[in-house]
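You will see two complexes here that share chain A, one where it goes with chain B and one where it goes with chain C.
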Partner chain A sequence: MSSLIGYYSLIFGVGISILVIFFSIKNFNDTQNLDTKIISLVFLQLLFVIISFSGLILSFVNSDFSNETVFNHSHTTKPLFYKISGTWGNHEGSLLLWLLVLTLFIFVFLLKSKNQPNQYRILTLLFQQIIILGFFIFLIQTSNPFNHIFPVPKEGLGLNPILQDPALAIHPPILYLGYVGTSIIFSSALAAVCSNNITKIWASHIKKWVLVSWIFLTLGILLGSIWAYYELGWGGFWFWDPVENVSLMPWFALTTLLHCVLVLEKKLILTSWVVVLSIATFTLSMCGTFLVRSGILNSVHTFANDPERGLYILIFLFILIFLSLFIFLIFHKSENNNTKTFYLLSKETSILVNNWFMMYFLSVVLIGTIYPIFLEVISFQKISVGPPFFNKLILPFLIPFMLAMAIGPKLKWIKSDVEDKTYLILFFIVSLILSILIIRNLDINFLYNTILITAAFYLFFITLRDFFHAKYRNLSQILAHFSFSILILSILFNNIFSSEVITNLKINETYQDQNLKINFESIKQENKQNFKAIKGKFTVEDQSGSIEVMQPELRIYNQPNIVTSEADIKTNIFTDKFMTMNYVQNQDYFNIRYQVKPFMIWIWISTILLCFSGTLSFIRKKYES
Partner chain B sequence: MNILKFFISVILLINFFSSDLKAKNLGTKITKNLRCLICQGQSVYDSDSEFANSLKILVEKKLDDGLNEKQVYDYLKNKYGDWILYDPEFNKNTYFLWLLPILMFVFGGAIILRKVILKKKKL
Partner chain C sequence: MKAKIFPIFLIITFSIIFYIFYKGLQNSNIYTPEIKSEIKIPNFEAKEFFSKDNVNSDQIFIGSEYYLLNIWASWCIPCKEEHKYLMNLSKKENIKIIGQNYKDNFVNAKNFLTKLDNPYDLIFSDNDGTIAIEWGAYGVPESFLIKNNQIIKKIIGPLNEKLFSEIKELIQ
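Moving on, here comes the complex of A and B:
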């Protein structure tokens, strides 16, 4: 029943989409209509999508297996929380969620943009409705979440156990808020081009949307990363996996856009570039969806794939790209260049430098992700592009990038202020000495790592001092750059100082080396709602004699019948202790992996701080100069 | 400033292109750079599958036989194809992969330089 309501709500939603497009064109010059008639239509559309989505959730909660999506991805013994999160843990449901956010955002946009020119608002609505309509048709044609099965099966196939996890339950909605937020930026930029509305007021209005998307995208990537860390059982948090990369690409574009919009808000420069970036950001989000959903990528995340869907998204994507390029080339009037100047040492130039590096990082990730696909199509050669490639091409460039991040935001003052120059040099020497002291006794490439860490420390100290410096209190900017320095520092230290023991142990056996002693104490079995848990108990004694009890777990899920390994992680502010255990085939032994990972929690904290700095910028009324 | 930064990064790139964090154990380093062919998106080192475990033993054995790092990669490449290497080699298949991002960087730098210097001359 709820499936039926859900399905018909979708059909009504399509109808409204067509109505909205029709009325927007018809009443293009009528200022009255938008805030009365059209906005209620948009609200009605949102309502229908909400009903449809609730219908799907209800089908999941009630385990209504006459619905094909529910049958494929749910099971009666699954806990309620994961029944609900299972709604978007699959292709059909996640697209419906996309659609929900699309319609929600355009409604909020209409409410929040009342002081903008009317034509611009209608045009934004129009472009957004084209995207919405595209997604409606995609959903109904190729991935209907409400397909009926007859006869009705008694039991569902269950949700992939590695997706049954709190972080991953909220990861898709948060990530989608970021992805879909870029659609508003896209529509709004095109509308601004068409109605010749690229002004400082537009910049500060669209900045809010850029910030919202950026915050959610950052949070979404963070959640995915945390999940990978404790669920995939190898103790890493980023693998340069294609699906991770496709979420990183819009992030780079969005970060670049954010910096440009901040400039545009104060000076009317770089307008064409902002429009191009807005188009690129949304295109990259769509590409991400296309690459993940089409099953082209070999990855942990390809839980649903179908060539027909891939083809549809590809065609849709091309239409959108051509449409936007067409509009850009026809309507865009580039700014009058002669009045604007770029001084070599100015904030504007430093924004350009930021853009330059961001675009470079983006191109590395983009080329590294899609090049193997092209090569395979063209020459049938299969190659892998993995972490070493990205580390080689990105890490060295972080050095000048971080130096520019430290100095760039305050270039304006440097010219005049001698005291500042002394600090700049002093901090560099301090960072260098600190890095040399840290790296000195380690068996790694001395020069390279020293310079890398020096750059990170430099950014850290400079931004730290900025907090207490009255002259430039652009708090969100300082906090953002400060958190980035902590992020890079903790990633680097985590990389350098992590240690690991991998061994096979039987119960009551002990592993010992000069640093630590691991004793396999016991094992016990527990029956949970939809899995059997086998819990190991280990004591780990390190050099200083402190003893930690670790209890990693193996879970044998009933449906689908999959064994997952749950890490036990002991976290404190300096270091994480991480242990997983796995079966060794046909033996009494368990494979134990014990890792000590310093500064792990700082990777998460710094990213949260980064989001917080975005929030600060969002709630602040005016850009302080 | 820009020119300086640019040269610094190019020099760094040339100097450190081949240098990576030296792993304590060569076997560990090698297996971290190998794709576990039967897993999804995991390295041989991180995987516990039978394939990965047999490959770990194979790599250690080859190292004991006196092969160096490059020879081990070559051996595995001949056996399983390029797909197994996470660190793609620089050859005719991958010229674009390695050089395109660098070209983009140089190109972007040129645009910015032009913009800044031209503007300066106009003054």
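Moving on, here comes the complex of A and C:
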């Protein structure tokens, strides 16, 4: 029943989409109706999508297996929380969620943009409705979440156990808020170009949307990363997997856009940058959806692969790309009044430097992700691009990037001299000495690592000083750059100081080397609601003699029948101790993996701080007094 | 003129990207690793079973003769089943049988050989199972037919009548 309601709500949604497009074109010059008639239509559309989505949730909660999506991804023994999160844990449901956020955002946009010219608003609505309509058709045509099966199966196939995790349950919705937020930026930028509305007021209005998308995208990536760390049991948080890269690319574009919009708001320059980046951000999000959902990529993330879906998104994506290209090339007038006022030492220049670095990082990730596809089509060779490629191409460029990040914000608009040169130099020397002291005794490339860590420390100290320095009171910027420096520092230290032991142990056996002693104490079995848990108990004694009890776990899920390995992670502010246990077939021993990962928690904390700085900027009425 | 080249260039670029993605969609993305039929044997050092002298893999597999490497253990029941085939093969002139004693107790293994007879021209011990990993073995018993330092056939599990005649044909 709820499936039926859900399905018809979708059909009504499409109808309204067409109506809205019709009315927006018809009333294009007479915009009186916008805030009365059209906005209520948009609200109605949102309502239908909410009903449809609730219908799907209800089918999941009631385990209504006459619905194909529920049958494929749910099971009666699953906890209620995962029944609900199962709604968007699959292709069909996640697209419906995408649609929900799309309609929600355009409604909020219409409410919040009343001080903008009506023509611009109606154009934004028009572009947004084209995207919404595209997704409606995609959903109904190729991935209907409400397909009926008859005869009704008694039991569902179950949700993939590694997806049964709290972080992953909220990861897709948060990430989607970020992705879909970029659609508003896209539509609004195109509308602003068409109606010639690129002004400082527009910039400060669109800045809010950029910030919202940026915060959610950052949070979404963070949650995915946390999930990978805790659930996959590989002991890492970022693997340069295509699906991760696909979320990172819009993030680069969005971060660059954020900086450009701040300049635009102040100076009305860099308009081309803003428009192109607005288009790029959404196109990259869509491109990500295409790459992930079409199955064109090989990835650890397994999604339902269907070439028909891939083809649809591909065509839709390129229609949007060509539409935006067309609009940009026809309507956009590049600014030529302010170009002469660029000085070498000014805030604009440092933002431009930031842009080019970001574009470089973006290109590296883009090439690393799609080059294998190109090569395979052209020369039938199969290659895979792994972490070494990205690390080698990105890490060295972080050095000048971070130095620019430290000094850039101190410069004034237009033209300035660097003030307080002494402390800038002093801090550099301090950072250099500190890094040398840290790297000196380690068996790694001395020069390269020292410079890298110096740059990170430099950014750290400079931003730290800025907190207490009265002259620079742009708190969100300082906090953002500060947390970025912590993020990079903790990633670097995490890489340099991590250690790992892999060994096979039987019960009561002990592994020993000069640094630590691992003793396999005991094992016990527990029966849980939808899995059986085998818990190992280990004691780990390190050099200083302190003993830690680790209890990694193996989970044998019944529906579907999959064994997952739950890491036991002991976290404190300095270091994470991480242990996984794996069953080896036909043997009486277990494969044990023990890792010590310093500063792990700071990677999470700094990213949360980064999101917080974005929120701070969102709340503050005015950027920079 | 310059103003027109840029849009045309962009459109062509994106059209090419579209075409390549379109083509890429039709390719299967299921990757099957190539299985080479002949793989070089691993290089390892082990202790001779009886004398406990060190032997190197290139001292064992010499020249263009046929070798059958058999991974066995006294605790392995299927090894007893395949024993008669090994005995049969050991009577043939043109093949040498090399035993790899896998994670075994020396006394039990010796008893096994005295009771059932010894088909092996040479046995080396693999007490911790690391050499078996080098071979890429899945378990016990497992046999590898080797010629010119190349693995030409890999047999997982015990030998049987069919596999036995296959080997006989191959070495003719």
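Keep this in mind: the second predicted complex is superposed on the first by the 613 of 625 C-alpha atoms of A that agree within 3 Å, B and C clash if a C-alpha of one lies under 4 Å from a C-alpha of the other, contacts with A are read in each partner's own complex, and residues count from 1 in each chain.
Here is the rule we go by: a residue touches a chain if its C-beta (ideal position, glycine included) is under 8 Å from a C-beta of that chain, and two chains touch if they have at least 3 such contacts.
Values in this document were obtained by computation on a predicted structure and should not be read as measured data.
Under the clash rule set out above, the superposition-derived model of chain A with chain B and chain C shows the two partners fitting side by side.
When both complexes are overlaid on chain A, the residue A:S9 reaches neither chain B nor chain C. With both structures placed on the common chain, the touch criterion links A:N391 to chain B but leaves chain C unconnected. Of the two partner chains placed around the shared chain by superposition, chain C is the only one that A:I321 touches, whereas chain B remains out of contact. In the superposed pair of complexes, A:T463 makes contact with neither chain B nor chain C.
In the superposition on chain A, no contact is made by A:Q595 with either chain B or chain C.
Seen from the Cα centre of chain A, chain B and chain C lie 40° apart once the structures are superposed, a value rounded to the nearest 10.
Within the superposed three-chain model, A:K382 lies in touch with chain B and with chain C [touch as defined at top].
Counting the residues of chain A touched by each of chain B and chain C gives the higher count for B.
Of the two partner chains placed around the shared chain by superposition, neither chain B nor chain C is touched by A:S195. Look at A:T218: by the touch rule set out above, it reaches neither chain B nor chain C. Once the two complexes are overlaid on the shared chain, A:S247 sits clear of chain B and of chain C alike.
Taking all C-alpha atoms of chain B against all those of chain C in the superposed arrangement, the shortest distance found is 5 Å.
298, 382 are the residues of chain A that lie in the contact sets of both chain B and chain C, per the superposition on chain A. Interface residues of chain B facing chain A in the complex, by the touch rule stated above, are 1-2, 5-6, 8-9, 12-13, 15-17, 19-22, 24, 32-33, 35, 40-43, 46-48, 50, 81-88, 93-94, 96-98, 100-102, 104-105, 108-109, 112, 115-116, 119-120, 122-123. Across the interface of their complex, chain C is touched by residues 290, 294-298, 305, 307, 310-311, 314, 318, 321-322, 325, 329, 373-374, 376-378, 382, 586 of chain A. Contacts from chain C toward chain A in the complex involve residues 7, 10-11, 14, 18, 20-27, 29, 31, 139. Against chain B, in their complex, chain A makes its touches with residues 232, 234, 236, 239, 241-242, 298-300, 302, 338, 340-345, 349, 352-353, 355-356, 359-360, 363-364, 367-368, 371, 375, 379, 381-389, 391-393, 396-397, 399-400, 403-404, 443-445, 447-449, 451, 495-496, 582, 585, 591.
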